[in-house]
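Shared chain: chain A. Partners: chain B in the first complex, chain C in the second.
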Partner chain A sequence: MKLSREASKKVLVLVMLLPAAATITLFLAFPAALTVLISLTELDYRFQWIWCGVGNYAKLFNSPVLQFIVKATAIYVAGTLAFNTLMGLVIALVSTRVHEGLGTFIRAIWLLPRVLPSVVWALLMMWIFSPLEHGFLNSLIVKAGGKPIPWTFLYHWPFLFIVNGFIGSSLSGIVFSSAIKSIPQDYIIAARVDGASSFTIVRKIILPMIKWHIAFFVAYNTLSLIASFEYILLTLNGGPGFYSTEVMILHAYHLAFGQYMVAMDFGYAATIVTILLVIGLVLSIAYWRVFRLRRLMIEPKLE
Partner chain B sequence: MRFILMRATMRKRGHVDKMAALLLAALLVAGLVAGYLIHWATAPSPADVVPKSEYDKLLKELEDLKKQVGAGPAPVEIVITAWTQGPERESVRRQTNLVDAANRLNQLFKVVGVPVTVKVEGEFSTASWTDYRKKLYLALEGGTGPCIFLSAHIDAATLAENGWIIPLDDYIEKYWNWTYYDVISGLWSSVTYKGKIWGIPQDTEARPIYYNKLLLKRLGWTDEMINDLPNKVLRGEFTLYDLLRVAKEAVDKGVVEPGYGIWHRPNAGPDWPIIYLAFGGELYDPATGKLVADMKVWKKYFDWFYEASMARSRVISDKLTALDFSRDIHPTVVAGKVLFWMGGIWHKGQWVSSFGLSEERFWEMFGFMLYPPGEKGGKPVTLSQPMAYYISKTCKHPEIAFLIITLATDSYLNSLHAVESAHLAILYSQLSDPTYTKDGFLAATGYMVEYAKYQPLHPKWGEYQTAIFEVVKGIETGAFTADKALETFRELLRTRLGDSVIIRE
Partner chain C sequence: MRAGKILLYAAAVVLAALPVVPVILLFFLAFSEHPIYVEGFTLKNFEFLKTGVLFSDHPLYSRLYPNVYTVMVNTFLLALGNMLLVVLVSSMAAYVISRYSFKGRSALLGAFLVIHGVPASVLLIALYYMLKATGLLNTLLGVVLVKMSVDLPLGVWVLKGFYDGIPWDTEIAALVDGASRVGAFFRIMLPLVSPGLFAVGLFSFLSGWGEYIFVYTFIQSSTNWTFSLLIQSLFSEMGGINLALVAALSIVYLIPVLAIFITGEKYLLRVTIGGVKG
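Here is the complex of A and B:
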C-alpha cells in the first residue's frame, strides 16, 4: 500500500517532532506531573506513597509561615528582576558607548561572578558584607574610624539583590548590548545630525528598538527567579530572623532537605512547588499576552 | 718477584678471610640456636597468657562465626564499610578506632584459626549533621548504606522505624563479657527504643554554660564567688533569671558589648530544649509514645528569651542566629568577648586544638557550670547526646561488624577519643584509665552526666526541634514578642507535627 503524499508528509512531520516531544514529555511534563502527584501524598524519606488528598494544601494555607514566604518571594522576584534589568541596561549602554575593546572588557569583567563557582561567590559576598567587624567593608569603616554596619542584617534585601543581580545582569547586559549593536548606525547618526542629545537617542531610538529583548528578558528572568534560591541558601539561608528572606522555593527546599535531623517532607514541599508551577504558568500566559511575544515569533512580513 | 710476594700475601689473607667468615657463620648459627633455646625456655606458653578455659571459650564463641563465613582453606577478606561523622575533626577516632579494632580482630582470628581477614573501609565526615544525615538516610533507604555507621542516639527511633538497622540485643548478650558489662548503665536507655537496643554507645557529653572568669572579675566578683558559681547552681540558688541579671549588669557597665552577654549556638540543634527542661518541661510521654509540648512551660521559655533579647535586656545579640560557628562564634568566645557561652564540653577540645587557645589560658579564662534551674530551689540540668554505632540491615556480615564495634568499645581506644575530642567516657573502666584520668577537664565535667537528660527518641523530633529554633530566632531578631512567639510556636507544632505531639495548655 502506498501512502498518499499528504499522509507521508504528516508522518514525516510527526517523526521530526518526536525527539523534541519525547524530551519535553520525559524531562518537563513528567516531572511536573510527578510533583503534582507527590503533593497529594505524605511522601518522606521512606518513599512511601501515602495519599492524603489535599491535606498538604490545607496545612500550607493554615501555616503561620505562609504570609512570610509569599511576601519574601514577591520582594525577591520584583527586586532582583528590577536590579537585573536596569543594571543590564546600564552595562549595555555604557559598554556600547565606549571604545569597542573597552566595552568588551567591561562585559567580560561583568561575567566574572557568573563563572565563579556559586559557593565561592556566596562566601566572598558574605565576607564583604559581613555584619561583624572582620567583614571587608566593616574593617575599612573601622579603620577609617567609623562604627561597623550590620550590612546583611539591616539591608538583607539589597544584599540579596546584589548577590543575585551581579550574576543575573551579566546575561541581560550581553543580550542588551548585542541588541544595541544590531541597531543600524544610520538612525543614530541621523539623530545626532539633527542635534539629538544622548539621552534622547537612548529614549527615542535605542529603547524602542530593543524592547523585544527587554520583554523577553523580563519574562524569562521572572520565571527563573521564582524557582531560584541557590544564593539565598548559600548566604542568608532564609534569615536573618524569622523567615525574613525565606522565599517559597527555599522553604520547599528546607522542608524537603534542610530540617534538623532530616525530616524530608517531600509531599508537603511538593505542595509549594506545585503552587509555584501554577504561578509560573499563569505568568507565562500573562507575559505572552501583555508583551505580545507572539509577534516576536511570527515570520517577518518582509525580509 | 714483587708480584709473587703479593700473590702469596693475598692468598694468605684470603685464607684468613675464609676462616673468619666460617667462624662468624658458626657463631651466628650458635647464637640463633641459643636464642631460640632461651626463648623456648623463658617465653610464656599461650596458656599462661590466656587461661586454657578462656581460650576454649573464645573458640566456642567464634565457632558460629567460623561456620558463617564458610571457612575454606584459603583466607577470605571481608570488607566492612563504615561511615562516621564529626563534624569537628577532633573526633576522627570515631573512624580510626574502628580500623584499629579491625586490626585487633585480625590478630584474634589468627590466634583462634578463623581464616578471615577483616578490613574497614569508609570515611569520617566533617560535613554538617544535616548533610551527613541526608546522605546516610538516602543511602540506607536505597540499600547502599554502610555496614557500620555512627549517628546520634536520637536517630535510633527513625532508623528502627524504617527497618534500616538491626536490633543488637542478642549480640550484646552473646559478647556481654567481652566489654558490655563495663558500659555505664545509664547509656543503654539512650539507645533503647520500643524495648530493644539498637546501637552501641560511642561517646557521650554534657552541655555546660561556660562563663568568662576574667569578665566576671571586671564586674567586681571575687575569686571565691567565681569558683563557687557552679556550686550555687547545683544548690539551686542561682537561677536562669540570675544569669540574665548578671549578663545585663555586664552589658550595662560596659564589661561586654550589648548583645554579648549570653551566646548560644546559631542553628537548630540539641541544645534548644535545655532551658525548657530547666523550667521543668517534659518532651515525651512514655505512655502514648508521643511528643509533649507544655505550653505553660514554653511560655516561661519564650519569656526568658524575650527578656534577654535586644528589645529588653540587650544580652543576646539579634545577629547571633546569622553567624557561623567557626567563622564567627568560636573566635569571638575564645577572644574573651562573651560572658556566658551555652556550649558543649567538646568545644574546649576544639578551642585548644583549632582556635589557638592554650590549655593554661583556658583554665585562666573559663569556668563551666550546669544550666541553672528556671526557679529558685529547682534542679540544674544539662543535656547529653550520646553517639552510637549502628549496624545496617543490608550488612552482609553483621556479626563481624559487631565484633569490630565490640573491640572498638575499649577503655584505651575510647579514652584516646575522649581526651582528644573532649567527650565523656562510656565505660566504667575508663574512669580509672590513666589515659582518661590525666585529663583534668573531663574529670571536672564528669559529674554533669548525672544531671543530664536526653532528647526524646521520636521520628518527628527533628521538626519539633526546628520549630523551637525558628521561633527563638524570631524573638531575638525582633519579629515576635513572647506571646506572639508562643502563638506561632503552637501553630508550627500543629501544622508540622499533627497528632504526633500532645499540646498541653
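Here is the complex of A and C:
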C-alpha cells in the first residue's frame, strides 16, 4: 500500500521530531511546571506532598536573608556583565585591528576557558588567587619579599567577575568581532582621511554601528547570568563570611542540596527558583519583541 | 602612528596570553617536585596511572577515593552517551524543522530558543524529584538523559543552520533521480551537513566530559563518580596537602579536551556562533 503524499509527510515529520519533542517536554518543560508546583508544597527529605499554598512565598518575603541574596545577585549579574561586555569589546577591537592570523588566534584562544571543565578552571583560579601562602600569586609575592595578600577575602567580587568573565568574554568577543568586520571599510578610511584619531573612530563610528550587537549580548547574557551559579559553587560557595556571594539560585541550591544532603528543603528552594523562572520568562518574551527574533523562524517555502 | 602600532601589538600579545597562562601553570604544577609549590621537574605525580589507585602508599587516603580508571570510564560513558544522543536526536529534528512547514513549528523553535537562554540549573530540584521517582537517581543513565536534553536545543539550532545552508536544488535533484525523501536525507543531506554533525558532536562530547553540577547533584556513590567529582573532592580535601597530585589528575582529565580544542577549534567556533545567532 502506498501512502498519500500528505500522509507520508506527516509520518516523516512525526517520526523525526518525536525524540526531540519528547525529550524537551519530559526533561525541560515538565520539570519547569513541576518546580512551580513544588514551590506550593512543603516537600522535603520525606518526599511527601504537603500543600501549603503561598506559604513559602510569604516565608521568603519575610526572610532576613532575602535582602542579602537579592543584593548579591544584582552585584554578580551587573559586575560579570560589565566584565564580559568590556573584555569582549577589547578582544573585538584589538583582534580586528591586528594582523588577521593573530586576530583569529586571539578569538580562538579565548574559547579555551569555556571548553575547560568547570572544575579545572575553578581550581586553577582558586590556586592562583588563594589567600594562603602557597597560592600562586602569593608565592610570587613572598619570594619577592612581600606579605601574602588574602585575595579572595579582600576582593571576592572582582575575583568572581574574573572567574566568570573569562568564560563569558569569549562569546562577546566573537559576536562583536563579526559585527565590526561587517562595517564597510570606506567609513573608517573616510574618517581617517578627515583626520580622525583611532579613538574617535572607535567612539563615533564603530561603537554606534555595533550597538545592537552589544544590546543583544547584554540581554542574552543577563538571562543566563541570573540563574548561573556553578563557578560560585565551585569557588567561594557563598562566602567569605555571611552570604557575601550567595546569589539567589545558589541559595536555592544550598536549601535543596547543601550540607551533605541534610538540607533538602525542596519546597522553599523551589520558591526562589520559580521567581527566577518567571523573571527569565518575562525577559525572554521582552527580548523576543525587541530583537524581532521571529524572523529567525521563517517557514520553509518549498517542501 | 608607529608607537600606536607597537602598543596595539603589545596589547594583542597580552590578550592572547591571558587565557593560556593558567593552563601552562597547571602543567608546571603537575610536574612539580614540591607537593604545593611549583618547583623542579618530576613524573612522580603521575604514578597513579600505573594502577589507578590514588595515594597507593597511604592506605587511609587511598580507601577514600575510587580508582582513577573507573572514574575515567564513567566520564567517557557520560561524554559518549551525551554526544551520540544529541547528534542523533538533533540531526533528525533539525532536518524536519529546516525543511518542513507544520503546525507548532514556530512554537517549538521558540521553545528551543528560550530554553537555551535560561540555564538548566533552575530545573535541578524538579529533575531530582523525577529521577528519584523513576529510580534513575545515582545512575549514569539518569545523568546522561538530563544532560542530553539540556544540550539538545543548541544542537537543533546549530544543525538547522547547516541544513538551511544546503540549497533546495541539491535535494530536488536527488528526488528527481528517484530517491525517496528518507533516502535523500540519509544519502544526500546527512553527508552534506557532516561538518555540522561533527561540530555538535565535539561540543556535546566536551560538554558531557566536563559536566559537574548534574553529576554532583544526582550521583552519590563513588563507583559512579566522574573526573569532575573526583578532582573537586580531592581539591577541597587534599588541596593543601598534595596540590601537585590534583594538578596531575587535572592534566589527565584535560588531555581529550585540549586535543579536541586544538584540532577541532574551528568547528567549536561554529557552535558558539550558532548558539548566539539563535
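We adopt the following convention: the second predicted complex is superposed on the first by the 245 of 303 C-alpha atoms of A that agree within 3 Å, B and C clash if a C-alpha of one lies under 4 Å from a C-alpha of the other, contacts with A are read in each partner's own complex, and residues count from 1 in each chain.
Quick note on the criterion: a residue touches a chain if its C-beta (ideal position, glycine included) is under 8 Å from a C-beta of that chain, and two chains touch if they have at least 3 such contacts.
The shown structure was predicted, so the numbers you read here are calculated from the model rather than taken from an experiment.
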*asked:* Under the stated touch criterion, which partner chain does A:Lys9 make contact with: chain B (first), chain C (second), both, or neither?
replied: second
*Now for A:Leu132: first (chain B), second (chain C), both, or neither, which partner does it touch?*
both
*Hey, is it chain B or chain C that touches more of chain A?*
C
*Touch check for A:Leu281: first (chain B), second (chain C), both, or neither?*
second
*Should A:Phe257 be classified as contacting the first partner (chain B), the second (chain C), both, or neither?*
both
*Who does A:Ile162 touch here: chain B (first), chain C (second), both, or neither?*
neither
*Partner chain in contact with A:Phe47 - chain B first, chain C second, else both or neither*: both
*Between chain B (first) and chain C (second), which, if any, makes contact with A:Ser170: first, second, both or neither?*
second
*What is the contact status of A:Trp110 with respect to chain B (first) and chain C (second): first, second, both, or neither?*
second
*Hey, what residues of chain A end up touching chain B and chain C alike?*
47, 132, 257, 261
*asked:* Under the definition above, what is the set of chain C residues touching chain A in their complex?
replied: 4, 8-9, 11-12, 15-16, 18-20, 22-23, 25-26, 29, 36-38, 88-90, 92-93, 95-102, 105-106, 108-115, 117-130, 132, 145-146, 148-150, 152-153, 156, 168, 172, 181-182, 206, 209-210, 212-213, 217, 220, 227-228, 231-232, 235, 239-240, 243, 246, 250, 253-254, 257, 260-261, 265, 268-269, 272-273, 275-278
*Which bits of chain A are touching chain B when the two form their complex?*
45-47, 59, 62-65, 131-132, 150, 152-153, 236, 239-244, 257-265
*In their shared complex, at which residues does chain A touch chain C?*
8-9, 12-13, 15-17, 19-21, 23-24, 26-32, 34-35, 38, 43, 47, 90-91, 94-95, 97-98, 102-103, 105-128, 132, 134, 136, 139, 166, 170-171, 174-175, 178, 198, 217, 220, 223-224, 227-230, 233-234, 249, 252-253, 256-257, 261, 266, 269-270, 273, 276-277, 280-281, 284, 288, 293-294, 296-297, 299-300, 302-303
*asked:* Going by the contact rule set out above, which residues of chain B touch chain A in the complex?
replied: 129-130, 133-134, 137-138, 141, 154-155, 158, 162, 267-269, 318-319, 321-323, 328, 460-463, 465-466, 469-471, 473-474, 476-480, 487-488, 491-492, 494-496
